[in-house]
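So, here come the structures, one by one.
In what follows, subunit A forms one complex with subunit B and a second complex with subunit C.
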Partner chain A sequence: MTVLAQQIVLGLLLGGLYGLAAAGLSLVFGVLKVLNVAHGELIMLGGYGAYWLFALLGLDPFASLLLVIPGSLLLGALLFLVLFGFVVRAPEETRIKNSLLVGFGLALALHALAVRLFTADDRSISTGYGGAVITVGPIAIPVIRLASLLVALALIAGLHLLLARWRWGKAIRATAEDWQAALLTGIDIRRAYLLAFALGTALAGAAGTLVSVGYSISPSIGLEWTLKALIVVVLAGLGSMLGTFAAGLFVGVAEALSAAAFGGPYREVIGLVIFLVVLVLRPQGMFGRAR
Partner chain B sequence: MLEIRGLEAAYGDVPALSGVTLRVGAGEIVALLGPNGAGKSTLLGCVAGLVRPRAGIISWDSENLLAVSPHRIVERGLAVVPEGRRLFGSMTVEDNLDLGAFSPRARAARRESLERVFALFPDLRTRRRQIVRALSGGQQQMVAVGRALMASPRLLMLDEPSLGIAPLLVRRILDALVEINRAGVAVFLVEQNVRAALTLAHRAYILEGGRVVGEGEGPALLRDAYVRRAYLGPLAAGG
Partner chain C sequence: MRSPGGNTERAWTLGILLALGLLAFLPLLAPRDDVLNFVFLVLLSITLAQSWNIIAGYAGQVNLGHAAFFGLGALTARTLWIAGTPVVVAMAAGAAVATAFALLIGAAAFRLRGAYFAIGTLALGEILRTTVGNALPEISTLPAASIGAYRLAPRYYLALALAALSVLAVAGLARSRLGLGMVAVREDADAAEATGVSALALKLRALALSTALAGAAGGLFAYYHISYYPAHPFGPGWTFDALLMTFIGGVGTLQGPVLGAVLYVFLKEYLTVRWVDFHLLIFGVLFIAIVLIFPGGLVQAVERARGRIARRSGATT
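Our next item is the complex of A and B:
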């Protein structure tokens, strides 16, 4: 019983990062109607950003978020201007196809670049407080992972407020819902696209930072994170960032439970099972609206 | 104000507009009538910048509107209420109205515009925090007209505002258009509901198969035998 509870807690902690990773992918997909399969690579880059800030400058990984997030925003804006901005010029039906080609190309390029620059070694940030644990009864909660979960939640809440209150946040939501109507109200939808892509990249960067501190990064983690984020997005449906986060927690716990029940190798399988079940039973996702 | 000359548009090889010429003057109510598929929505799409015409001229205050980015057209004082309303359904009434005043010029006048919209449609004031999707068709149409008015337009263009709405509410919407017009806003009304449109229009054009096949004063057209037969049905022609 204790083992199971421990697994659930660890699943929740990891699930928070799934939720954060998925929120960025969901925002980009929902607004630009573009599937960025290089999202995991952007997470990987964010992780390296935090890693090197720590290794070279001794910057605390949580403090480095203050640099990684703005840096990722800029990177996202740049990627939109040189790559994805051309994809969204195409009609919606051809965007997904084109974005897959661009995204896979970008993923391969970023992966190769990371191997070249950083080597293929696994890396993780070990801070002085890295081993600290809070015990609640028989359950041990790693402090760093708990802090990561809280940071992830705070970022999601911040994003939610940004989209709900900020003038351009509303414009981004309007563009996601009906880009033609958005144009008619005078919204520069290319700017809405750019902002959404930059925000999505910033979320990826933040997720990468948290991965590098609680877990580990290497140039090849991208695909795995893209896949996890995609599963969560399919489960949650588009439109609600808080729903996406909740779905992330759900996938984390489901993985932990299946690992406990069937053994470690099966933890990766459960996500794909969820993916299939959702596609069959509720294609719009748990929190999405039927179109 | 708005001048359209020799406008041609097509979807692939299918022509939608062939040489349409019309104009809307300051303070006028002009109706564009015609059956389904006549090209009415395509024409509005061209003016709003959503459809690229093959040839022709659209000018607004002597400026070539075809050279203006679509999102900047609102700023020039043209607002569109699109067919099917196209509201942001997951947002509140207030958010939809707010987005109507997105352009810098409209944002400056946001408060006064909001009061004007609420004065015109008091229902919207009480429902300002409701999600638009939950409203009735007629109420949604009010939000759609309100959203366009929030842009402080000098020309309001509406595509089939009476479609799928209870008759009582159609009357209210049309009355609102007359009131909007009294405040100095020109109205360009695209309608299939010919009788309703002609009761308020100063002038009207008839579009068929992508061509203007008739034009005239609103009340005169309403009495015109051909219009009665073609658009108001046999009963109207008889009576």
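Our next item is the complex of A and C:
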């Protein structure tokens, strides 16, 4: 019983990162109508950014978020200007298909580049406080993962506020809802696209940083995280950042329960099965609007 | 993408089949294992790429879980062949199992349109890979007697036959009612439905043909390798290889996957010694360029160049 509770807690902590990873993807998909399957690679790059800041400069990973997030913002802006900016010129149906393919090419290229630059080894950030644990009754909560969950929640809440209060946040939401109407009201939708993509990449970078300190990274984690993010996005539906976070927690817990029921190796499968079931039966997800 | 059929395609079909025919003499002229292994890889790649081309190029359904069918074919064929079934029967059984699975999930899968079908099949592929990887984690090795009796030649000829079969299948498809129906569904499924074409039936038939070839290719893989992990042919890399080869060569054409496969394998082998996986960086960038600039791949690029040369020399287009 305690073991189960422990697994659920760990699943919850991981789910927070799933939610953060998904939030970036959801933002980009909702606003640009672009499915960036290289999102996992962006997470991977964020993780390596944090890792090298730690390995070369001794910068604490939580502090390095202050560098990784702006860096990822710039990377996202660059990727939009150089690549996805062209994809959004196509009409919606071609756009999604093209973005899938372009994202796929980008993922392949980034993965190969990372292998070349960083080698294929697993990396992880081990800080001095790495092993610290908070004990609540019989449950041990790793401090780093708890801190990661809180950071993830803070970032998502921050994003939510940004979208609600900031002028450009509202412009982004307007573009997501109806880009033609937004255009008619004078919103520069290309700038909205750019901002949304940059923000999405920033969230990915943050998620990557948290993954590198709480878990481990290697050039190959891209596909895995892209799938996790996709699962959460499909489960949550588009339009609600907090809903996405909640769905992330749900997937984390579902994985923990499935591992307990069917054994560790099948942990990944449950998420994918949920994904397929939701995709076929309720495509708008738990919190999305019915199309 | 243009409509299939026509004299160029017929010329290419004959040309490719001729080349394959000539390759049949290779083991006699150059009985070097490294050469034959290399050509084997090209032939296997051609088959895999053509099989993907059918569902994605002609029917327009981007299947990112293609490796699942390759893997199922390999698993079935390997199991049967090691148990004593003649290899051709085992490969056919592999193709049958792959097709059966495809038809089983097809109706549900095709409820998803476009990108959702793509990510849905991606998830499905991963589910199969993980499940097989967990159920059969140990390496599959041929019994010692078989290793001693291993000959490259039969594998080579089977690869040749399968590649020829895949090219013929696509060539036959291009001119048939089935092929035209697929293209109609690819271009505009709703319009096709309005003219009485059943989109679902066509997609299922395209998927069946595509997965049958992929399953057979999987069987070939299982026959060729002395030892491998059962989950390996289920890996997404196989799907991505097929995708890259088809797109770079020219998706929806007959010669595209063949050209793409040859280029891909050459580049991969050439770069592998010093720059492992670097071929993927090049192909990734090339792929992006193709999606954005030359959706028709090399075939389109060549045709544009020929058009330009013809115009410059004063010929009428």
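Heads up, the rule we're going with is that the second predicted complex is superposed on the first by the 289 of 291 C-alpha atoms of A that agree within 3 Å, B and C clash if a C-alpha of one lies under 4 Å from a C-alpha of the other, contacts with A are read in each partner's own complex, and residues count from 1 in each chain.
Methods note: a residue touches a chain if its C-beta (ideal position, glycine included) is under 8 Å from a C-beta of that chain, and two chains touch if they have at least 3 such contacts.
Computed from a prediction, not measured in an experiment: that's the story for all the values here.
K.L.:
For the three-chain model obtained by superposing on subunit A, do subunit B and subunit C clash or fit?
P.N.:
fit
K.L.:
Could you tell me if A:170 is touching subunit B, subunit C, both of them or neither one (first, second, both, neither)?
P.N.:
So A:170 only meets subunit B here.
K.L.:
So, does A:35 touch the first partner subunit B, the second partner subunit C, both, or neither?
P.N.:
The second partner, subunit C, only.
K.L.:
Is A:58 touching the first partner subunit B, the second partner subunit C, both, or neither of them?
P.N.:
Once the two structures are laid over each other on A, A:58 reaches no partner at all.
K.L.:
Could you tell me if A:137 is touching subunit B, subunit C, both of them or neither one (first, second, both, neither)?
P.N.:
So A:137 meets neither subunit B nor subunit C here.
K.L.:
Looking at the overlay, what does A:91 touch: subunit B (first), subunit C (second), both, or neither?
P.N.:
So A:91 meets neither subunit B nor subunit C here.
K.L.:
With both complexes superposed on chain A, which partner does A:128 reach: first (subunit B), second (subunit C), both or neither?
P.N.:
Neither partner.
K.L.:
Given the superposition on chain A, what is the angle at the CA centre of subunit A with arms to the CA centres of subunit B and subunit C, as a multiple of 10 degrees?
P.N.:
For this superposed arrangement the angle is about 90 degrees.
K.L.:
Between subunit C and subunit B, which one touches more residues of subunit A when both complexes sit on the common chain A?
P.N.:
C
K.L.:
Between subunit B and subunit C, report the minimum C-alpha distance in the superposition, expressed in whole angstrom.
P.N.:
15
K.L.:
Share the list of subunit A residues that count as touching for subunit B in one structure and for subunit C in the other.
P.N.:
none
K.L.:
Flag every residue of subunit C that touches subunit A in the complex, lowest number first.
P.N.:
Those residues of subunit C that touch subunit A are 62, 108, 111-112, 114-116, 118-120, 122-124, 126-127, 130-131, 133-134, 236, 240, 243-244, 247, 275-281, 283-288, 291-292.
K.L.:
Spell out the residues on subunit B that touch subunit A in their complex, using ranges where they run on.
P.N.:
Its residues touching subunit A are 48-50, 69-75, 79-80, 82, 86-91, 95, 98-100, 102-103, 106, 147, 151.
K.L.:
For the complex, which residues does subunit A have touching subunit B?
P.N.:
Residues in contact with subunit B: 167, 170-171, 173-174, 177-178, 180-189, 239, 289.
K.L.:
For the complex, which residues does subunit A have touching subunit C?
P.N.:
Spelled out, the residues of subunit A in touch with subunit C are 35, 37, 83, 86-87, 93, 96-102, 104-113, 115-116, 223, 227, 230-231, 263, 265-266, 268-269, 272-273, 275-276, 279-280, 283.
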